[in-house]
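The same subunit A turns up in both complexes below, where it pairs with subunit B and then with subunit C.
Now for the complex of A and B:
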C-alpha cells in the first residue's frame, strides 16, 4: 500500500512545476496568438480552417503519448506491483481519452467546414471511434472492480492489450484506406507540406501541449494519491 | 532454471502469442468494415445509399444555374468512371477539389448524390507566401 507521509514526486518536482506552469501559460498563450496572427491561412483551405492544425495535431499526439505512458506504467505495475504505477497508468489513460475526444471534436468541426459534414464514417473517424471505445472500456473496467489489487492487475493487462491497437488504429488504418483526411506530416509521399511559419508554430504547439500533458499528469497523480491515502485513513 | 521462472517464461510466451493473435484478428476483421467508401461497380449493384470516392475528371463539371444542378465525372484508381448528378448548391470549395465523395444512390447509369464531401489539396502554405497551381496528384 501507499507509504504514509511520503511526499511523492511524479516526474516533475514540485518547485520546478510551480515555475513551469506559468511558463506553460505564457507559452501556450503565445502559440494561440501565433496561430491566429503570425500564420497566413493556407491555400486550398476554406477560410481560416487550416489553423485548426495547430491544436488538432498536438491533441492527437498527446493522446498517443498518454496511451503509451499508460501502457509502459502498466507493464511496470505488473513487474513491481507498486500501487503508484497503477495510479500513473489510470491517470494517463484518462488524459489520453480526454485528448482523443478533443482531437475527434476538432476534427469533426474541420470536417464540417472542409468536407461538408461533421461525420461520415471516414476511416479516420471510424478508427478513432474504436479507440475511444477501447479506452472508455478501460475506465469502465476500473470502475467495475472494487478490490484495488485485482483492479490494478486486470486494468494493467487490459491497458497493455489496448495499446497494441493504437499504432494500428492511429497510424496504419489511415494509410491503408483512402480518406478525406488531409495528408499527415509523415505522409506516404515523403513530402513536407508545411511552410516555415506553419512548422514553427506547430512545433511550438507540440512542445506546449506535451508539457500541458506532463503537468496535468502530475496533478492527476497527486490528486489520486491523496484520494487513496484518505480512503485508507477512513478505513 | 527454477520452476517459478520457467512458469513466468511460459506466461510471457502465452502473452506474446495472445497479443499477436489480437493484432492479426484486428487487421483482418476490420479490413472491409473500416471504410464507408465502395467502388463504382459495387455502387452500381447496390440499392442502398452508399458513399463513393474518386478523383474529379478535369473539365467534366457542368453547372446549370437556374435548376441548381451539378454534373461531373469521377474516376477511380483503376480507371473506372462514373457520372454524378447533384441537385443543390455547389459546395464552396468545389473549384479547388481534386477528390470528391458522393453520398447517394446509383440509378440508370448515373449516380444521384444527396451530399457531396470535398477533399482539397492540403498544403500548409500561407497564401501570401507563394501561390501554386495543383495537378491531380494527391
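Now for the complex of A and C:
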C-alpha cells in the first residue's frame, strides 16, 4: 500500500527539473537543426538518408535503457515489495514500448530509402518486432490481473523473463543471420566510423533523448502514484 | 537433495497419472498436432514445394506445428491445479522448487511424446529428407527442452491471472519466437547437411535453455507462493 505522505517521484530535484525542462526544449531543437544543417550526408548512403541516424539510434538506445530500468525496478520490487517500484517498472515499460515503436518507424523509413521497402524482415526488424510483442504482452498481463500485489509480482517476473531474451534478440539473432543493417555503434571491430561532426551531433542527440526519457518517466511515475492514491481514497 | 528429487518426481508422477486418467493435455496437444498435420499435408503435400525450398519451408511448417500444439495444451499443468483448487494443497505438500521441477519434467515428457509421434509422421507425409539424422534428433531434444522450460514458467504465471486461455499464447510466443527462429534455421541446416549452421543453432538453443532454466528456477517461488 502507498503511504499517505509518500514522497513524490523526483529523480532530479524539482527546481532543477523545472529549469532542465526548458534546457531540454532548446537542446533538442538544436540537435534537430544540427542534424539537418551541421553535418554532411555520409558517403555510401542514398541522398540524405544517413541523417536519420541522429534520431534512430537514440530511440533504440532509450528503448533498451527503458527496458533495462523496467527489469531493474522489477527485481527491486521482488526484493523489497515497495509498490512504487512496480509503478516505476510499468511506466518504464510503457515508455520503452513508445520509443521502440519510434525506432521501428525511423528504421522503416531508412529501409524504404536504402533497401527499397519499408519492411523486409531483416534480422534487426525481426528482433525489434519480437521486442514490441514482448512488452505489449507485459502490458496485457498487467491488464489481466485484478489484485494489485499479485499483478505487481507476476508482472515483475515476466519483465525479468522478457529482459533475459533481449540479448538473444539484439546480439545473437542479427549475428547468426546475414543482415543489411549498417554496423552498430558498438561493432565487432571496435572502430568508430563516424567523423567528428557526426559523433558530436549523435552524442548530443543521445543526451537529449535520454533526458527526455527521464523527464517523461518522472511525470509518468507521479501521475500513476497520484492515480493509485486517489483510488485508495475512494475505497 | 534426494528428498527434493523424490518430491519433484512425485509431482511429475502425480501429473502423469491424472493426465492418463483424463487425457486433457494429451488430447488437446496430440489432436491439435494431428489435425494441423493433416491440413498441411493435404494442402501442401510432398510435391508442392520446389526442391531447393524444401529444407527451409518444411522446417518452418514443422516447428509451427510443434510450437502451436505446445501452446494448445501445456498451460494445463498449472491451470488445472487452480481450477480444481488443488494448488493450496500442493503448496503445503511440496517445496516450490520441487513443484517447478516436477511440472517441468511432466511438460518435457508431454513434448517428447508429441515429437516422437509427430516428427516421423511429418517426415513421411511431407517427404522431408534429413541429411544429418542424429544432429536433427539433438536439435529436437534441445529445442523440446527450451520449449518446456519457457512454457512451464509462463503457465505458472497465467494460472494466477483472470483470462487464461488467450493469455498463455500471448505471453509465451514473444519469448518463444527467438527460439523458433534458431530451431527453424538449425532444422533447415540438418536437412541440407550444413554443419556450421547446426553448431551455431545448438549453441544458441543451449544457452537460451540454460539461461531460462536458471531464471525460472529463481523466479518460480515468487509466482507460486504470492
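Following the convention adopted for this analysis, the second predicted complex is superposed on the first by the 231 of 235 C-alpha atoms of A that agree within 3 Å, B and C clash if a C-alpha of one lies under 4 Å from a C-alpha of the other, contacts with A are read in each partner's own complex, and residues count from 1 in each chain.
Throughout what follows, a contact is a pair of C-beta atoms (placed from the backbone, for glycine too) under 8 Å apart; a residue touches a chain by one contact, two chains touch by 3 or more.
Please read all numbers here as calculations on a predicted model, not as lab measurements.
Colleague: Clash or fit: how do subunit B and subunit C relate after the overlay on subunit A?
Modeller: clash
Colleague: Given the touch rule stated above, what does A:126 touch, subunit B (first), subunit C (second), both, or neither?
Modeller: A:126 contacts both subunit B and subunit C.
Colleague: Determine, under the contact definition given at the top, whether A:149 touches first (subunit B), second (subunit C), both, or neither.
Modeller: Second partner only, subunit C.
Colleague: Look at A:36 in the shared chain and tell me whether it touches subunit B only, subunit C only, both, or neither; answer first, second, both or neither.
Modeller: The answer is neither, since A:36 touches no partner chain.
Colleague: Identify the partner contact of A:162: answer first if only subunit B is touched, second if only subunit C is, both if each is, neither if none is.
Modeller: second
Colleague: Quick check on the superposed pair: does A:198 touch subunit B, subunit C, both, or neither? Answer first, second, both or neither.
Modeller: First partner only.
Colleague: Touching A:140 in the superposition: subunit B (first), subunit C (second), both, neither?
Modeller: In the superposition, A:140 touches subunit C alone.
Colleague: Touch test for A:171: subunit B only (first), subunit C only (second), both, or neither?
Modeller: neither
Colleague: After lining up the shared chain so the two structures overlap, which partner does A:50 touch, if you call subunit B first and subunit C second: first, second, both or neither?
Modeller: Once the two structures are laid over each other on A, A:50 reaches subunit B alone.
Colleague: After superposing the two complexes, find the one stretch in subunit B that runs into subunit C, choosing from 19-27, 109-117 or 127-135.
Modeller: Clashing stretch: 19-27.
Colleague: Show me the subunit A residues, by the header's touch rule, that subunit B contacts in one structure and subunit C contacts in the other.
Modeller: 126-127, 130, 160-161, 164-165, 168, 173, 177
Colleague: Applying the document's contact rule, which stretches of subunit A touch subunit C when the two form their complex?
Modeller: Touch list, subunit A to subunit C: 78, 126-127, 130, 133-134, 136-137, 140-141, 144-146, 149-150, 153-154, 156-158, 160-162, 164-165, 168-169, 172-173, 176-177.
Colleague: Give the list of subunit B residues in touch with subunit A in this complex.
Modeller: For subunit B paired with subunit A, touching residues are 18-19, 22-23, 26-27, 30, 33-37, 51, 53, 91-93, 96, 99, 101, 103, 115-129, 131-132, 134, 138.
Colleague: Over in the complex, which subunit C residues touch subunit A? Could you list them?
Modeller: 153-154, 157-158, 160-163, 167, 170-171, 173-175, 177-178, 181-182, 185, 200, 204, 207-208, 211-212, 215-216, 219, 222-223, 226
Colleague: In the complex of these two chains, what residues of subunit A are touching subunit B?
Modeller: 39-46, 50, 53, 114-117, 120-123, 126-127, 130, 160-161, 164-165, 168, 173, 177-178, 180, 182-183, 193-195, 197-198
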